[in-house]
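Chain lettering (A, B, C and D) follows the sequence in which the chains are written, and residue indices restart at 1 in each chain.
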Amino acid sequence: MPTNRLEAFSDGVLAIIITIMVLELKVPAGHDLSDLVHTTGVGLLTYLLTFIYVGIYWNNHHHMFHLVRQVSGGLLWANLALLFCLSLFPLTTAWVDDSRFEPIPVVVYGLNLLSAAIAYWVLQTVIIRQQGPKSLLREAVGADIKGKVSPALYLTGILSALLIDRSGPIGVGLAEACYVAVAIMWVVPDRRIDRVVREHKPAG
Amino acid sequence: MPTNRLEAFSDGVLAIIITIMVLELKVPAGHDLSDLVHTTGVGLLTYLLTFIYVGIYWNNHHHMFHLVRQVSGGLLWANLALLFCLSLFPLTTAWVDDSRFEPIPVVVYGLNLLSAAIAYWVLQTVIIRQQGPKSLLREAVGADIKGKVSPALYLTGILSALLIDRSGPIGVGLAEACYVAVAIMWVVPDRRIDRVVREHKPAG
Amino acid sequence: MPTNRLEAFSDGVLAIIITIMVLELKVPAGHDLSDLVHTTGVGLLTYLLTFIYVGIYWNNHHHMFHLVRQVSGGLLWANLALLFCLSLFPLTTAWVDDSRFEPIPVVVYGLNLLSAAIAYWVLQTVIIRQQGPKSLLREAVGADIKGKVSPALYLTGILSALLIDRSGPIGVGLAEACYVAVAIMWVVPDRRIDRVVREHKPAG
Amino acid sequence: MPTNRLEAFSDGVLAIIITIMVLELKVPAGHDLSDLVHTTGVGLLTYLLTFIYVGIYWNNHHHMFHLVRQVSGGLLWANLALLFCLSLFPLTTAWVDDSRFEPIPVVVYGLNLLSAAIAYWVLQTVIIRQQGPKSLLREAVGADIKGKVSPALYLTGILSALLIDRSGPIGVGLAEACYVAVAIMWVVPDRRIDRVVREHKPAG
């Protein structure tokens, strides 16, 4: 089975996830700049962070599937599991925003990020197993340092929000800093795959 | 007429159906874990079940159309009938969730699942007729045991919710067990089609 | 310019239009069959009619673009004008449903159907002009009897709802009958284009 | 990396943006023409303007990517930045409409249009840099007069709404006139790219 329909379906789901969050941004009740800042000021930043996360997943998905030729049943379900985790982003983002950065919503947002990272790692592992010992993706991923640092950072963030200064802004601020740090780390697309793609030139 | 636009359109509709259900999940009113469990605890499980159902239909649709080369008018409408049934999933899912598993919503959810199964069977039959006596899809489907067991299980579920213990949890629990059983049965994609595709190697 | 991206974009818009109407269907407040019928009984039928209309436009769009090879600026905007008219379907459908078939919403629904028919005719004319005197589409369309009968039926429906029995059900019933009649007339895809496609075998 | 998935993803996002605005249009509360005009009369015009803007961006995006063969990491993010700006259109459009053309919402709508224009310019510049000294896109864009006049018109509109007659209709009217003028200027797709595409005949 070729990968084109799986990619098209994933693109569709990711396009919808990245766009429907706008429906969560409420139209300001008043007509002044202060109303805009009050209603969507914080929300816009949270929306931007989630937008960047979905963009990162789309970029990495896009890159990874350049090294995939065959779709198996396991791969289809690993991909759907990733899409399921990502489809909860608008909900957890809206909860963080609605609660104005209360600890528990920030923790749940972190757990959602963590679940998506695990689902991505499972998908990557399924593909590597399917490709066998000469897996191009294994070669491209290498030691996968980013893939190991990210869950550690998410966990740090989650624990910070849970344990440090629960009635003040320090724990939550640390958590958000961890989440933003992972995003920054991944904004640069995976050059390792670019290199392997160039060297092995698979048909696009 | 080639099948690529029909597949793209179906992918689009399925991607939207699978994603818009998130809009039905309400943001918890409070900021604690108990609020999350209270607001979306049950909903999340129902959402997950419907997500898996749409994933199953997408997988099977994807597999089936590997054996289709030509699109006729009848096939277009049989496909739209399937999409129509699937497009009602978010509504019936939300009703089950809102009612906290009352019998009638569970019955209507089962009828919706049943209608989609029938529409899928009609689509399959239209394709087999169109392909004539040497139909690859007929060969791939074979005795179609899963396709015959599913409606029986749906009907069992519907009748359980209607007839058994209407004021208690037994009938509804049986119905949900039936629906989950069908999902588990189908999570493995249709290997019969994989085999026929491999043997006959149609162009992707 | 080839037509593939225009078709993909149109497919995306049509897939969204056909699916978001489900969001307009409200989850019944109670948990009984009577609640379902009361809340969505009428709505479901109106939803079905609009679903069929969008399906018809998708089918015809799909068929028509099999005869188009080049995309010009005028064609892009004629196509967007058609998509704009179709994107209002969920709104006018919801109004008809909310008002329980009051005359004015039924008239506005008819005007929406009429505007889409006119936009489709303009798109068809733009393509025929672009293709010049040997236009395959002109050959396929022929006398375009369906294309001439449809606006007449829409106008009959609109005038019925406006003029006949405004406080009773006869005018509105006639109007709905006209709209349903057009849908039935078009449910069969355009065999004329099938024939021309077969004869001239353009690359899909 | 080829451009097909980037185009498909962008088409998906743009298709959703252009369609979800319909969800913002409220179903009229009453059943008369005056209710329709009162509820959606103004909204429909604003919706139409934003629809045309998204259509323009889609057209230009579509044209521009005919001259792009390779996707780099920078290009992916420049494209996502453009999609982010465009994804805010439904929100700012709804605010203008809700406020019945109050100055601040009109200014924010103008800033949104301006940000999209800047993001488009950045995307164009990233592509030209990537293509190097023999860039076909640079040749096609030429002096880019439209690209320079548009931000000037947006700024004029923004300043008009801010400074002139803040309690009366003149400043806001001027601003809207500026926004409409830019749309009219861009409705004609970019013939310069058509010409370069024809001359260099890249594979579609």
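As a working rule, contacts are C-beta pairs under 8 Å (C-beta built on N, C-alpha and C of every residue); 3 or more make two chains touch, one makes a residue touch a chain.
Owing to the predicted nature of the structure, the values given are computational and were not obtained by experimental measurement.
If you lay the C-alpha trace of chain B over that of chain C, the rotation comes to 90 degrees, to the nearest 5. Taken over every residue number at the interface, the positions common to chain A and chain B amount to under half, indicating a different-residue contact.
Centroid distances built from C-alpha atoms place A farthest away from chain C.
For the pair chain C and chain D, the distance between C-alpha centroids works out to 27 Å. Taking each chain's centre as the mean of its C-alpha atoms, chain B lies 38 Å from chain D.
Under the contact definition stated at the top, the residues of chain B that touch 2 or more other chains are 8, 12, 15-16, 20, 23. Against chain D, in their complex, chain C makes its touches with residues 1-2, 4-6, 8-9, 12-13, 15-17, 20, 23, 73, 76-77, 80, 83-84, 87-88, 90-91, 94-95, 98-99, 102-105, 108.
Residue ranges of chain A in contact with chain D, taken from their complex: 7-8, 11-12, 14-16, 18-20, 22-23, 25, 27-28, 31-33, 36, 40, 48, 51-52, 55, 58-59, 62-63, 66, 187-189, 191, 194, 197, 204.
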